[in-house]
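Order of writing sets the labels: A, B, C, D and E. Residues in every chain begin at 1.
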Amino acid sequence: MNGLWVSIVAMKMAALSEPVPWVAWFLWLFVGFAGLFPLLVAYIVWGERKVAARFQDRIGPNRVGPFGLLQSIADLVKLLFKEDFTPARADFLIHALAPVLMLISAMLSLAVIPFGFGSVSMRNDPVTGVLRPTLTGFSAVDLPSGVPYLIAVSSIASLGLFLAGWSSRNKYALLGSMRSVAQMVSYEIPQVLATVPIVLWSGTLSLTGILDRQVETGWYVLTPPGFMAFVIFMISSFAEVNRAPFDLPEAESELIAGFHLEYSSMRFGLFFLAEYMSMFAVCCICTTLFLGGGAIPFLAFPRGLLGGYVVVDLFLNLITILVFSLKVGLLIFLFFWVRATLPRMRVDRLMAFAWKLLIPLCLVNLLIAAIWFEIVIRPVAGRPDGPGFLQWWIGFGVTALLEVLAFFGAVWLYRQDSEHSLKTWRSSTGSKPSIIAWRSVPTKV
Amino acid sequence: MSQDVPLNWYLIVAACVFVIGLFGVMTRRNPIAVLMSIELMLNASNLNILAFWRLGTPNPGEAPLTGVVFTALVIAVAAAEVAVGIALILVCYRVWKSADVDRYDSMLG
Amino acid sequence: MLLLMLVSAGMLVAGLWEILIFREFGPMRGVFVQIAGAAVLCAVGTVLARNLIHSALYLVAFFFLVACLFIMLEAEFLAVMQVLVFIGAVAILLMFGIMLTQDVQGDQVEAHSVLRRLPAAIVAIGLFVMLAVAVQQRPDFSKARTERAAPSVAARERVLNQMPQELGLDLMQRWCLPFELVGLLLTASLVGAVALAQPVGSLSAGSDGTPSPGSLTETPEHLSREVAGGTHSSSRPDLVSP
Amino acid sequence: MPTVPVIPSVWPSSSEWFFLSPVLLMAFWGVLVLMLDVLVLRNRTLLSTRAKWLGLTSLVGALAALGLAVGLLWPGVLATDVLSANEEFFNGTIAFDAASALLQVVGIGFLVLVIGLSMTWVFTNEQGEYYALLFWSAVGMILMIEAEEFMTLFVALETMTISIYILTGLETGSKRSSEAALKYLIYGSAASALFLFGLSWVYGLTGTTRLAAVGRALVESRTVEGIGGQWTSGLALLLVLAGFGFKVASVPFHQWTPDVYEGAPAPVTAWIASGSKFASFIAMIKVLMLALGTWSVDTGHLQSPGWVVILSILAAVSMTYGNLAALGQQNFKRMLAYSSIAHSGYLLVGVVAIGVSSQRTEATGAVLYYLCTYGLATLGTFAVAAWLAHDVGSDQIDDLNGLGFRRPVPAFCLAILLLSLIGVPPLAGFFGKMLMFMEALNAGGNGGIALTWLVVVALLNSVVSAFYYVRVLKALYLRQPGPAIGKSFPSGVIWTLVIAAVATVGFGLNPTALLDPLGGAGISLLTSPEPASSGRPVDSNGITQSATVPENPAQTQVPVAPAPSASAR
Amino acid sequence: MILSRYLFIGMLLLFAIGFAVAPLVLIRIIAPRRPTPHKGQTVECGLETQGETWIRFRLQYYIFALLFVVFDVETVFLYPWAASYVSLGWYAFVEMMVFLAMLTVGLVYAWAIGALKWQ
C-alpha cells in the first residue's frame, strides 16, 4: 500500500511547481530503492529457482517458510556470515569496487523508468504546440535525455566486470572477465541500435515522452519494425546481463567461474544481486520502450479517459502500476524459460551472431523504421488523435514485407559466412595433418 | 541556476587539468599513459569550450548551439584518436617487444 | 565494534565538511568546488599513478566528474555522451590496450626519478601561472556588443531544455559538413586500426629493421600461403615491375 | 542598438554539393578501392598483381577527381557570381572561391603523383587500406584548405593527420615504420590538443567559431592587442601557433620530422612533405590573416609583438637549424627531412611578409607559388628516395654515386629539382624565394617592422643549403657508379620526376603563368564570405565590416556609412 | 531546470554506493576472520605462471573493443538525428544514411578480412 501513498504525494508535489520535490525523492529512495526493489529482486531469485525446478520436474525450494518464500532471505543471511577473504596479492580496493560498480549501474537505470502513468495534465505538444493531455510518468525523475542515460549507465557495468577479473590476480578470472566484457560490449551495439527506432517514432528521448506517444499511437511492439527491434533488444539484453544462452563466462570448463571466481561470501552476493537487479531493470526498460508501460492492451482505457475527464490520480496509478508489473513479470518469466531450455552458445558463434547477424539486421531495421515513420506517423505528426486505420495497415503491410526480406537476407548472409569459414577451415586443415585424422577431407591441392 | 558559478572558475579548472595533462605527456614513458594524458588535455579543452558557450556571451548572430556541437565533435575525434593510438602501440609492441618509449631508438642521429 | 565507530565518525566528518563548504561558498558553488577539486585530484592521480590500471581508474573517475561539470553547465546530452563514449568505450579500450602490452597483471612499475621530471614540472607550473593570469585579465565584451548579441543569448536559453532535438537540427543542417567528415574520420580510424592490428606481419619483416635488399620483393612463406589462399603456396619471388 | 538576429541555417543547395564533387568523389573512391581489395582481390590473387590492380584503379580515381577539379575551374562551368566570394557555402563552414578551386587542383595533383609513386613499391600487405586512407587524407586536406570555421578546420585537420599516422605505420613489419608512426602520433596528438585549447580560448574571446566573424570581433574590441598588451590573447595566439608549428614542422616542434621522414615508407613521406605541409600552411595563413589579423602587429612598436615578430623569430631559427643539421647527414631521407624544416622556415618568412606588407594579395600569391614549387620538388626528390629504398635497399647518399652516367634522364631531373630547392635563378625555386623576400622587404618601407634582418638571414641560409644539395649533385655526376646502380627506374618514379622537373623549369621560365592565377587566389583567400542572410553587423562606432580585404590594422579604419545589404539567397 | 532532476541521480548514486558498501562493512563485523596462507592463494591448479604476453591469441579482444568504440560514437550521433527527425526533411534521412553507410563500410571491411572471427 505504501507504494500508492508515494504516488499521491509525488504527484501533488510535481503538480505544484518545479522546486526540488525532496519528499518524493526521499520516499523513492527509502521506500522504493531501499525496500521495494531489493525485496522484488529477492523474490525474482526465488521465482527463478522455483520455475527452473518446475521445468526439471522437481519442486524447488520449499523448506524455508511456506512454499520456500523465505529461501532467498535465508541465502542472504547465510552469505552475511560466510568468511570474506580475498586472494593474497589482490588489489583490495578494486576487488571491492567491482561489485559496487555493477550494483550502481543496475540501480541507476531504475531511476528513470516510468512504472505507472503518474498524473495527467493538459500540455502543448513540443513539436506543434497543440494542447493535448500528456502524462507525467510515475518515475523517480524524468530526464529529457532518458534513453542515452540508460545506455550510458548500463555500459558502466562492463567496466565493473573487467575490474572484477583483473583485480583477482588470477589468469582464469582475467581471461573470463575479458571474454565476458567482449561479449557485453559486442551486444551493447544491437541493444542501442534497437532503441533508435523508438526514439525516431516518438521524437523525444525522455522515457515519459515515449510512454505518452505509445499510449496515443498504440504499442510500438505491434508494428513490424518495432517487433523486430523488440526481438533484437531482448536477445541483446540476455547477453548484456550474462544470462541464458550467453552465460558463457560462468560455465566454460577452462574458466571455472569466470570473473567472480575469487569472490566469496557477500561480495559474491553483491554480484548475484547486481545480476538479478540488472535483469529486472532490463525487463522494465523493455516494457516501457516496447510494450507501452502501464497501458492496458486492448481496452483503450487510459486514452479514452485521457480524452474525457481527468480521473482520480490514485486510481489511474494503481491500475497502471499493476499492468506494468504484470508485463515485467511476463518478461522475467521469459528469461527463466529461456535459461531453463536453451543450451549455451560457443564463443565464436556468440560473437559472430552479434556482429554478423544482429548489427546488420539492426541497421536495416532502422531504414524500415524510417519508412514506417514516413507512411504512418509523418502525416499525423502533432495531431492528438493517432494514425488513421487505412494508413496504419498500409504501413503494416509494407514494413512487414520488408522485415521478412531483411530477416531472411541477414540470415542468409550469416549462414553464407559461417559456411564460408567452414569451407576455408576444411580446405586449410586439409593441407596440413589435422588432429582428428578421419575428419580431414582430402581436398585437391 | 547555472549563473552563480562564475565563468572564470571553470576556466581555471580547465587550465589546471590541461597543464596536468601536458605534464603527463612530457614525463610518462609508457605510450598508453601518454595517450591517457592526451585524453586529459582534450577533455580540458572540451570543458573550456562548453564553459565559454554556456556562460560567455556569444557573437551577435551566432547560432545557439555552437559550443555543444564543437564539444560533440571533439569527443568523437578523441575516441577515434585513442583507437588508432592503441592500434599503433600494439604494432610497436609486437615489433619491439617492449612498451617503453625511450627504448625505441633505432633511428639515431 | 571498532569499525562501526569508524564508519559513524566518517559520516560525521563528511557532514561537517559539507556544512563548512556550503556556508563558505554557497550551495551551487560549494558543489562546483568539490567536483572540480576531485576532478583535478583524479587528473593528478592519472599522471602520477605507478600502476597503469590505477591511472586508468583515475581517468575513469575524471571522465565521470567532467560529466558532472557538463551537467552543471546544463549541457546534459553532452554529459550523457561523455559517460557513454569515454567511460563505456574508451576506458575499456585503454584497459584492453594495457592488458595486451603489459604482463598479465599490468602492474609494471615505472621508476620515476624526480630529477627527470623537474623540467617538465617547471614548464607545467609556468604555463599554469600564465593561464591563470590570462583568465584574470580576460576582457569582457562592450555593453553594445552584449546587447546586440541578445537574440543569440535568448536562443541559447530556449534551446536548453530540448537539447537533443535542437542538436539534431543543427547537426543535420548548419554543420552537416563537419558531421559527414566525422563519419569519414571514424571509418578511416576503424579501417586503419583494424588493418594495423592484423596478426600477419607485412612484407619487409627485416630483423634489424632496415629493409634487407632481397626481402622486399619475395613474400615470406607464411604470408604467401595466406595470401594465395592456399590454392598454390609457391613463394616464387616475383619482381614487381608493372 | 539594433540587435542582430540569429543567422538561420539552411540545407546546402544542390549547387553547393556540386562544388564539393571532387571531394565527394575521392571519399567514395577510397571506399571503392577498399571494397575492391577486400571483397574481390584479397584472397584470390598474388600480392603483386593485387597491388598493380589497386594502384591502377586508385590512379584512375585520382585523375577523375583532378579532372573534376579542373572542370570546376573552367570559366564557363562555374557561375561567375558564385566565385566573387560573397556567397556563403554550407552555412559558412567552407568557402568555395577562386582560391579553394585552384588550390584544390594543386592538392589533387600532389595526390595523383603520390599514388603514381606508391604503385612502384609493394611495402605492405594491406594495399586496399593504404590507397583508401590516402584518398581520405586527401579529402581531409582539401576541406582543411577550404575551411572557414574552427570546427571544420579541426575535424578536417584530424582526419588528415590520423589517416597519415596510420599510413606511416602500415609497413607493420618494419621496426622503423612502427616507431616513426608512434612518435608521430604522440607528437601529433599532443600538438593538436594544444591547438584545440588555443581554439577554445579564441572561441571564448570572440564568442564565435567563424574565421571572418572572429576577425571582425577582434577588430571591434580593439582592447585585445598582441602579447604585451593582453595575456589572454597572447596565450591563445601562442597555443594556436604551437598547433600550426607542429603541422608545419617549424623549429620548436620539429623533433618528429627526421624520424618520421626516414621511418615512413617513401610515398607516405612524399605525401607528408608535399600535401600535409601545403594544406597546413594555407590553413595557417587563413587563420592568422582572417581571424587573428589584429594580433599581427600591435601599433607598430616592437616591445608588444603580435604574431608577426614571433613568426619571424621562428622562421629565422627554423632556417638556420634545418640547414645546419642537414649538412652533416648521410641518409638521403634524413637530409630531405632537415631541408624540409629549412624550407618551412623560408615559407614562414613569406607568411610574415603577408602579415606586414601593404599589398597583401601579392604576398599571398608569392607564398602559394613557393608552396606549389616546393611541393613538386619534394615529390620528385622523394620519388628518387623511394627508388633508392626499393631497388638499392638502403637510402644513403653515397648509394647515388654515378647515377648520372647509368641513368642520365632521372639524374638530370633530380639535379634540376635540387637546384630549384637551392634557388638557382632560371628555376621556379629562385622566383619563389625572390618574390617572397621582395614582399618582406617592401613591407619594411611603410613603417612596419623592418624585416631586412630576416631577409638577410634567409639569403645566407639559401647559400648554406647549397652545400648539402651540391654534395648530392657531386655524388650523382662526379663519382664512379657503385655496384648497386643497375636496376631500371619504375615508371611511377620516372613520371613523377619528369613532371616535377618540367613544371619546375616551366614555371621558372615564365613564372607569371602560375603567379597570376595564384595572385587571384590570394585575393579570394583573404576575403571571407559574408553571412548572406543576416544584416551587416554594425560595430560600436558605426563602422560596417565590408567584405573587402581587412586592411592592415596599423592603418586607421576609414568610417564607412552602414549599408545593411541582406543579399537574400 | 534539468539540473534539479540530476540532483536525484546524484543522491541515488550516493545511496547505491552506501547500499553496496554496507554489507561489505557488515561482514567485517559479523563474519569470522581466520586468514590462513592457503586461503590467500588464488583458485589455481599449480603456480600462477608469469606467462609471456600471448598477444597473438588475445588480439581479437582489442578488435572487438575498437569496433565497439567506433559504433558507440555512431549511435551517439544517431540519437539527436532520431529525436529531431520530425522537423527535418528527407535530406536528413539521406544524410544519415550516408553516415551509416560509411560505418557499414568499416563493418564490412572488418568482416571480409576475418577480423570478426574468434580464433
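Following the convention adopted for this analysis, a residue touches a chain if its C-beta (ideal position, glycine included) is under 8 Å from a C-beta of that chain, and two chains touch if they have at least 3 such contacts.
Note that the structure is predicted; figures quoted are calculated from it, not measured.
Asks: Going only through chains that touch each other, how many steps at minimum separate chain C from chain D?
Replies: The fewest touching-chain steps linking chain C to chain D number 1.
Asks: Hop across touching chains from chain A and tell me the fewest hops that reach chain B.
Replies: Counted as steps through touching chains, the separation is 2.
Asks: Would you pick out the chains that touch chain B and also touch chain D?
Replies: Common neighbours, chain B/chain D: C, E.
Asks: Could you work out which chain's C-alpha centre is the most distant one from the centre of chain B?
Replies: A
Asks: Sort the other chains by how far their Cα centres are from that of chain E and give me the top one.
Replies: D
Asks: Does D-E or C-E have more contacting C-beta pairs?
Replies: C-E
Asks: For chain B and chain C, what's the span in angstrom between their mean Cα positions?
Replies: 6
Asks: Can you check how far apart chain A and chain D are, centre to centre, with Cα atoms defining each centre and the answer in Å?
Replies: Distance between chain centres: 51 Å.
Asks: Could you work out how far the Cα centre of chain A sits from that of chain E, in whole Å?
Replies: 15
Asks: Between chain B and chain E, what is the separation of their C-alpha centroids in Å?
Replies: Centres of chain B and chain E (C-alpha means) sit 21 Å apart.
Asks: Counting only residues that touch at least two other chains, what does the list for chain D look like?
Replies: As it turns out, chain D has residues touching two or more other chains at 3-6, 9, 11, 34, 129, 151, 155, 158, 162, 165-166, 169, 172-176, 201, 204, 207, 217, 537.
Asks: For chain A, which residues are shared contacts with two or more other chains?
Replies: Expected reply: 143-145, 148, 151, 155, 169, 171, 178, 185, 188, 203-205.
Asks: Counting only residues that touch at least 2 other chains, which ones in chain C make the list?
Replies: 72, 74, 76-77, 81, 84-85, 88-90, 92-93, 96-97, 99-102, 104, 131, 135, 138, 141, 145, 148-149, 151-152, 155, 161, 163-167, 169-171, 173-176, 178, 182, 184-198, 201, 209, 229
Asks: Chain pairs that touch, all of them, please.
Replies: Chain-chain contacts present: A-C, A-E, B-C, B-D, B-E, C-D, C-E, D-E.
Asks: Please give the residue numbers of chain C that touch chain E in the complex, ascending.
Replies: 1, 3-4, 7, 68, 71-72, 74, 76-77, 79, 81, 84-85, 88-90, 92-93, 96-97, 99-104, 160-161, 164-169, 171-173, 176, 179-180, 182-184, 186-187, 189-191, 193-195, 197-199
Asks: Considering only the defined contacts, which chain D positions touch chain B in the complex?
Replies: Chain D residues touching chain B: 3-7, 9, 150-151, 154-155, 158, 162, 165-166, 169, 172-176, 178-183, 185-186, 189-190, 193-194, 196-197, 199-201, 203-204, 206-209, 213, 217, 258-259, 262-263, 329, 331, 334, 531, 534, 537.
Asks: Provide the residue numbers of chain C that touch chain D in the complex, in ascending order.
Replies: Going by the criterion above, the answer is residues 130-131, 133-135, 137-139, 141-142, 144-145, 147-152, 155, 169-170, 173-178, 181-182, 184-185, 187-189, 191-193, 195-196, 198, 200-206, 208-213, 216-217, 219, 223-224, 227-229, 238, 240-242.
Asks: Quick one: which bits of chain A touch chain E in the complex? Just the residue numbers, please.
Replies: Per the touch definition, chain A meets chain E at residues 18-20, 25, 28-29, 33-34, 80-85, 87-88, 90, 96, 99-100, 103-104, 107-108, 111, 127, 140-145, 147-148, 151, 155, 168-173, 178-179, 182, 185-186, 188-189, 192-193, 196-197, 199-200, 203-205, 256, 261-262, 265-267, 269-270, 347-348, 351-352, 355-356, 359-360, 363, 366-367, 370, 373, 378, 381, 417, 421.
Asks: Going by the contact rule at the top, pick out the chain E residues touching chain A in the complex.
Replies: 1-2, 4-9, 11-13, 15-17, 19-21, 23-24, 26-28, 30-35, 37, 39-44, 48-49, 51, 58, 60-61, 64-65, 67-68, 71-72, 75-76, 78-79, 82-87, 93, 97, 100, 104, 107, 110-111, 114, 116-118
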